[in-house]
């Protein structure tokens, strides 16, 4: 037994030694790159990729808006809830989630009014604000041109969408948004900026783009960066009766 | 007129001068941050986010596999095409696309056999290779534990999935993969490594992760990096009758 | 005066309006991109780029080691201080700074023994550990080959230096190290990994490389990542009488 | 012999099997992470970190400017060469290198006039343009305030320096610049933007910052991005008699 052990050791040493300074490093075994722990958490996906998985927070189920949302002042949201969707009431202002979020995956469905009114930024305009300050534009850009960095699927005035994947007005459309919140330096500047990926109706329109700062209608986003913590999802009232449904979010 | 012009100029100079060293830079106008050209290209999305949009290449429509795929040697693929899907025939080897790709968005649907056979890596094992060398693992991990960096939705032996979003065996599942190909230095090392995002059944499982090198069953991926151009999508024959359907890709 | 004001406004509106939808966005003024506040802090640089600037912490001035350093156990460092430098005493173990650091710029000078003894990793071996766990290798690689990812200027077993910029043994050499500490996810993995740039004798040898995990003599760095806060600078006792002098650090 | 071989194999299998599903993956050997080839190229560093190493191109040695530089039109540079340095001659325009560069490490020394004239941007103003379009500002900011994103060590109008490390006018100062050129998408936008690190008199003032586009005196850099290849180093004539010496560059 002892003798076999010595032979074993010699064999291993010889094998390893002979290889060391040749073409590549000493060979490994498959098991050396298997990692078993910790176990990956299990999530039950929805029936389709549009449906909320088991670890999602349903922000709007088509019926109850008050449970998860307020208006700008923390009061009851005044948008119209009907036929399984919530619709902007002009002048009622934004709605925002009671909960606040850092990194997340967000699914949201929206519909521009079937009746076409206005043009450019005046048609079917609303928006999804991430952490209260970074807007993914909602706009009816079906046969409706506007500035490229302000159209549907844009990170407003920062990143034009890769393509215009709009459906006809009156049709439901989806946004799937993967958002990584910024981290900050001590002086309030970004250590890592916000990053976002957006699929519009299943088509990639933003591919891990870096945000320069909060969305600004006027001016340069960089100039208004300031430290912030987790924030609400805000849906914009831009005066057009845009509707929303099936909103769920997964914290990352 | 001349006098007014001078006053105008003075007024502008004064206005600008007064602002210069206060809280922020001189104010802008909204139009200064509108970019109109070039126009964003229009794409018609599919009926649902699972359906191919107008700019996608349909790699498999459920009927014809030979049009876009070959076996490993460039010959006719020997997988079984039946009931609108293509199924691995054990021992027939991989199938690979005739076309090659750089950056892309890929939609692919797969199904592990309804009859549960084997465990760990032995159950419903296949894989989607990006550019012929980077594997997103396909595996039946429904109530089937394996090493975390080798389970369904993993970048095999490089990145465990964020969650296990598997459906029951016998059920169709989706992968939506956003892939950015590496760029290379002159010496064959990565200037920028491959980057991938994966949604499994609509649930984010890889969030813009950086690949370390080609997928290796044994050893360290970094050690086998070498320059390559565009590559095929390859589907793996790992001996289990995994099925595929509705495969489309958009070049980015 | 009022009339001139109106003309002025009209003139501005006209000018802006005429430009809006042409080749580019509305023109700006130079002052719109000047940022005055906050004022950039003033630092008095050293007499040469090797000398400590006014905001640096001098970790070793050639005379007093005890002020800023301990041995591994927090006791008095046992390295020899003589002739303006501190030299490894074989078997005395590492020395580490009392202070701990996050992001920093570090200047350090080292000298391998003039008398050449040993080869490969056995000659003039020491090391600078950043945050106690990430080693920039110190080694006499002047006409002394070793594995490329373990030579002077390497991030040990992670990144070979771009070039071998070693001076002869017995000669003082400089490292200028710019280090960005990792930030962590809640689960203890890296949100952003450590990043390091190294100049060796003024020559760039590491260009903003990403670390994969703590330095490991055996195994894969990724597997031993765990959350940590600020850490000491540690200088290694590898049994060779390597000397150090003129060590200063600036917190970033 | 055969029997020993079998025992050997069993021993190895047993050893590996026992480890596989415990705390971590199967242990490795040190030699498995040693990479020997290819050998790292040797560079002889300069006598001090300010001196050109053996692989540097000396762009200006204090004597001959015509060898490596032209004026803007490709003609003979008209700057004054005297006392080992080249000095801006007001109105003679820029000087630019005949050679063009992609990624590089650049060492350059500059001196603002000893006689203080003007203020803010009017004092000791010049600039180092990387690839002909990205300016690292040269300015006498010693007791001379200007807008933060336009002072010495700034990436002009894009990134203020971390600190103001200016020396007195009339004193030689150093810039060490590490520059990574952009890579482009097919549509002329950045795939990866330019990135720059700057040490001013040995003090870090730009830490791997990302450039947004070409330097613009007026307007937003992003809007003027367009594909370009390697480019010259350009030194600016801003009307002040700024001097330069000891300029060398290493291609990366």
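Which chain is which? They are A, B, C and D, in the order written, and residues in each are numbered from 1.
Please note the rule applied: contacts are C-beta pairs under 8 Å (C-beta built on N, C-alpha and C of every residue); 3 or more make two chains touch, one makes a residue touch a chain.
Nothing here was measured: the structure is a model prediction, and the numbers come from that model.
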Joint neighbours of chain D and chain C, given as chain labels: A, B
Turning angle required so that chain A lies on chain B, C-alpha fit (0 to 180°, nearest 5): 180
Type of chain B:chain C copy interface by residue overlap (half), same or different: same
Chain A-chain B separation of Cα centroids, rounded to whole Å: 16
Centroid spacing, where centroids are CA-atom means, of chain A and chain C in whole angstrom: 34
Residues of chain A whose C-beta touches two or more other chains: 24-25, 27-29, 32-37, 220, 223
Contacting residues of chain D [partner chain B, same complex]: 32-33, 35, 183, 191-192, 220, 223
Contacting residues of chain C [partner chain D, same complex]: 24-25, 27-30, 32-46, 48-51, 53, 55, 105, 107, 145, 147-151, 157, 160-167, 174, 176, 178, 180, 195, 197, 199-204, 207-208, 216-220, 223, 250, 252
Residue ranges of chain D in contact with chain A within the complex: 4, 7-8, 11, 16, 19-21, 23-29, 31-37, 212, 220
